[in-house]
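Provided herewith is a single structure, encoded as structure tokens, for subsequent inquiry.
A, B and C label the chains in the order they appear, each numbered from 1.
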Amino acid sequence: MSVINVTDADGKRIPATQLVLRYVLLLAVLALTVGPFLWQLSTSLKGPHEDIFGSPPKFLPGEPTLDNYTRVAQTIPVWDYALNSLKVATANVVTNCVGAALAGYALARMRYRGRRAATLAFILAMLVPVEGIMIAQFTTMRDLGLNNTLLGVLLPGSIGAMNVLLMRNAFLNLPDEVEEAAYVDGANVWQRFLRIALPSVKGTLAVVAIFAFMGAWDDFLWPLIVLSDPENFTLTIGLNYLHGTFANDERLVAAGTIIAVLPLIVLFACLQRFFFRGVGEGAVKG
Amino acid sequence: MRINRRAVAAAAVIAVVLPLSACGGSEAGSADASGKVEGEITFQTWNLQANFKDYFNGLIADFEKQHPGTDVKWVDRPAEGYADKISADAAGGTLPDVVNVSPDLVAPLAKAGLALDLDKAAPQYKKEYLLGAWDAHRVPGAEGTYAFPWYLNTGPLFYNKRLLRDAGLDPEKPPTTYGEVFDAGLKMARQSKGKVAALANVPTIEDFGRYGVPLMNEEGTAFSFNDPKGVELLTRYKELYDAKALDPQALTATPESSGHKFLTESVAMNPGSALDLANFKKQAPSLYENIGITDQITSTGKANMYVMGVMVNAQSKRKPAAVAFAHFVTDATRQMEFAKKVAIFPSTAGSLDDPYFTEEDGTDETRVRVAAAKSLKTAVNYTPVLFSEQMKTELRNAVARALQGKQSPAEALDNAVRACDRLLRQS
Amino acid sequence: MKTPTATGTITSGPAPAEPLVPGPGRRPAGRRTPRGIRRHLPYSPWLFAAPGLLVVGAFSLYPFLSTLVNAFTDRRTLVPGEFVGLANFRELLDDEMFWIGLRNSSLYVLGVVPALVILPLLLAMLVQRHIPGITFFRSAFYTPVVASIVVVGLIWVWMLDDRGLVNSVLEAVGVGRVGFLSDQWLLLLSAMGVTVWKGLGYYMIIYLAALANVPRELHEAAAVDGAGPMRRFFTVTVPAVRSTMVLVGALSSVAAFKVFSEVYLMAGPSGGPAGEDTTLVMLVQRVGTGLSGRVGYASAISVVVFVVTVALMLLVLRADRKEDA
């Protein structure tokens, strides 16, 4: 009898040797993926008199302090910027989930002339090199009177072509029979979309949600170009102020990095259960 | 630092729209700035908000008090992407009224008729500034001066006394000419078996300038840094590179990464500015104990300086107020005040004679400041105004090819000059 | 309402059973592919698709149209420019940097795509099982994805530096220092490593959603038949997520060909020693940005990038279809 008695989601016991092997692998990947961030975290906690460029480098802060984080808040209105970012990112999640689900459904589950053309439009849009169109986007925004607004930041990415295609592929996997049955029960297309199809693709919606949030939260160059007034700036732009014109304080920069990454990790931790078997779809399967 | 930062998130910006309403608007850009100083204007600075908020708010309040009826809106932009934002605004016709610029940004804006010619609009102010600084915003091939000079910067050569001592060199007698730098570098590399390099950077256009290479012809229509003197400089650098006296990562270094090299004590010398001293003290205390300071290396006797400017948008609807404000920001009183907040230098005539810039009090900070102020009186902005980012890349890649031995120094420089001339014609 | 279908359960992941472009005659064995039902008003689909079409039309396709036009002009950032016919494309053929860029972007696809198709799948399988602390591991593995590429670049430059952590370790174990950031090939390889490192978590979640759809019964049946873990991987898992692998292959090859940030940050703005690490999109950025940018020429390179990515996409999808037949 093994002392460790771990079962998986289906209630099956996992053999101890396999379990050990799994943890060893998990820890190895962990070191590789988060190691570099721990360095940033450590730098952000280092006190003002510590040598952060010493060789060999020191991993643990000698005199740990949260002072650098307070200084970030003193240097830039970090909360205002974070609020702007939050607004754009949240709106981006909503528009992407709604817009991509609707369009994805139309591409996958309806039959009409022009379906291929519509699909092709999204594929081509996904392939357009964004680097080449930014000033054109800027002039469009100016013509719409939306430059220097958060709406202008939001719009170009508000329904990502790739998200539409992800949703389309998710909807394609649904069998026809379920919808047929609902149709027989008198459900119209909107009701079928809302009550039958959508609940079955929660996992993909969660993926779209996190991609959308991340995209808006991390974006730098577009908000920078479309926004002029500092009060509208998003967090990524704001944090760039920490790179001083005259001197760089690596501790401040590191603290800013952590501030930017943390909300995303929390969001992922909250959403991650949707990506895994047996949680999201339970309700539908009944 | 700025170049690297600007890169970062770094998707590119390309103007792609069909002909834009704002382009080629020379007809709108009359140089007439007479009239009443009034109305709302926007003033854009380059990454100065975080540390100098109070200074600028005070300055704006003073201006508005002096000129009732004016309203100055201040927008500060982060360091990164500054040129990209100006490009988008210039192409889209949304450039602010008063803009903080550097000479290389002014040149294309002036050519496109977006920068106000101050020789026409505000000639009365010329005498208030150092001649060299006023001329910094002239564009070869075009009449006129297109920005008020603002703050200047220059700096000494910092060196690591410990590394010099380890190599058997006298830490109190640092090299002063290019020749001595090269000799010292070779010796250090030999002593440390290639582990300690003297320099972390390949030569840039400023180095060619300070070495005494003529960079451009008189008319500003062609480059000339492939002159024998330029070839000589590059040949010496190749010797350094072969002996590992130039950091092996020099070919891919950015100003920021080479700064890090100096901070981690793997290179012995790094050009810097008065601002770096505080930085060393804070970030790398062990280096700070060994820091040596000497004059910028130059063979012409004239140090290199960086100039910041303040430009007036030629299409501004409030030109009188914009000109008045641009002058106000850069006048002697305001610049002196600014210089006391951060280690930069005023470009106004006479300001450098202030005791603040002439009297030492024994600390390293004042020593650097006084030496820099002195060198500024004759300093030159070596980087040609017309030398664009693309040209910098051409030169950099040519230098790398020569150092790697893929081309001879002469051949590499000839190619670079040809490529730059072509870009010049196309701009 | 358990629905017994060929795929077992109602699927929820982005596991695409279909190629991105609906092709004629494709019928994966053992899969019922819904063709959609015509139980709606004729204009309903367009109402559903309208917001999406509007956004991508106005902010991707229309602006790209002007790139197409600009590719045939000598437009610069502040100068409107004139029609020059094919001059930009002719110049490309003689531009050494263009060929270097094409070479590097292509190498990037070859180097990065296989790793990004396989490693995230293995990772997804590793974190799929619900064992204690797994939530923590899953979130931790996702951190490289959410961190901004700038930060990632800076961190790795520091790690791979001549005197960075990696070289300290290599020196300690007797390998000696490696010039990750000074040799043109090692630089490209390092940048690929960073791309893979950052992409692991991203594609991992796409695979996770797909793995959730592999019916357990299949694994159990295979196990009963005496198949070991390796065989089960190739006979059960791989066929079940094959369409997702195609999707990941398509997405990652397009992304790899358009690589910019990783190389830019590690090799520097001028693209490594003598520009030898320049990628095509870096070249677009270099020649086209700034106040004296050559927009026309950069647009021509953009058009090439677009054409190649379309071709890549078709290639991946075609390979998928062939395997099917």
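Here, a contact is a pair of C-beta atoms (placed from the backbone, for glycine too) under 8 Å apart; a residue touches a chain by one contact, two chains touch by 3 or more.
On a predicted model such as this, the values are computed, not experimentally measured, just so you know.
A.B. asks: Which chain pair racks up the highest number of C-beta contacts?
C.D. replies: Pair with the most C-beta pairs in contact: A-C.
A.B. asks: Farthest chain from subunit A, going by the mean of C-alpha atoms per chain?
C.D. replies: Most remote chain from subunit A, centroid-wise, comes out as B.
A.B. asks: From the mean C-alpha coordinate of subunit A to that of subunit C, what's the distance rounded to whole Å?
C.D. replies: The mean C-alpha positions of subunit A and subunit C differ by 16 Å.
A.B. asks: List the centre-to-centre spacing of subunit B and subunit C in whole Å, with centres computed as mean CA coordinates.
C.D. replies: Here subunit B and subunit C have centroids separated by 38 Å.
A.B. asks: If a residue has to touch 2 or more other chains to count, which residues of subunit A qualify?
C.D. replies: Residues 55, 130-133, 136, 220, 236 of subunit A each touch two or more of the other chains.
A.B. asks: Touching at least two other chains at once: which residues of subunit C meet that condition?
C.D. replies: If we look for residues of subunit C contacting two or more partner chains, we find 63, 66-67, 148-150, 158, 163, 260, 281, 284-285, 288, 298-299, 302.
A.B. asks: Mind pulling the subunit B residues that touch 2 or more other chains?
C.D. replies: If we look for residues of subunit B contacting two or more partner chains, we find 8-17, 20, 84, 87, 91, 260, 264, 266.
A.B. asks: Quick one: in the complex, what on subunit C touches subunit A?
C.D. replies: 1-3, 5, 7, 9-18, 20-22, 32-42, 44-46, 48-49, 51-53, 55-64, 66-67, 123, 126-132, 135, 137-152, 155-156, 158-159, 163, 165, 168, 197, 200-201, 205-206, 208-209, 211-213, 216, 247, 251, 254, 258, 260, 281, 284-285, 288, 298-299, 302, 305-306, 309-310, 313
A.B. asks: For subunit B, which residues are in contact with subunit C within the complex?
C.D. replies: 3-4, 7-20, 23-24, 83-84, 86-87, 90-91, 105, 107-109, 111-112, 114, 247-249, 251-254, 257, 260, 264, 266, 388-390, 392-393, 396-398, 400-401, 404, 406, 423, 426-427
A.B. asks: Please name which positions on subunit B make contact with subunit A in the complex.
C.D. replies: Going by the criterion above, the answer is residues 1-2, 5, 8-17, 20, 42, 46-51, 75-81, 84-85, 87-89, 91-94, 96, 256, 260, 263-266, 275-276, 278-279, 282-287, 342-344.
A.B. asks: Going by the contact rule at the top, pick out the subunit A residues touching subunit B in the complex.
C.D. replies: Residues in contact with subunit B: 48-49, 51-55, 75-76, 130-136, 138-139, 142, 147, 219-221, 224-225, 228-230, 236-238, 240-250.
A.B. asks: Per the contact definition, I'd like the list of subunit A residues that touch subunit C in the complex.
C.D. replies: 6, 8-10, 14, 19, 22-23, 25-26, 29-30, 32-34, 36-37, 39-40, 55-57, 95, 98-100, 102-103, 105-112, 114-116, 118-133, 136-137, 140, 155-156, 158-159, 161-162, 164-170, 172-180, 183, 188-189, 192-193, 200-204, 207, 210, 214, 218, 220, 236, 257, 260-261, 264-265, 268-269, 272-273, 275-278, 280-281, 284-286
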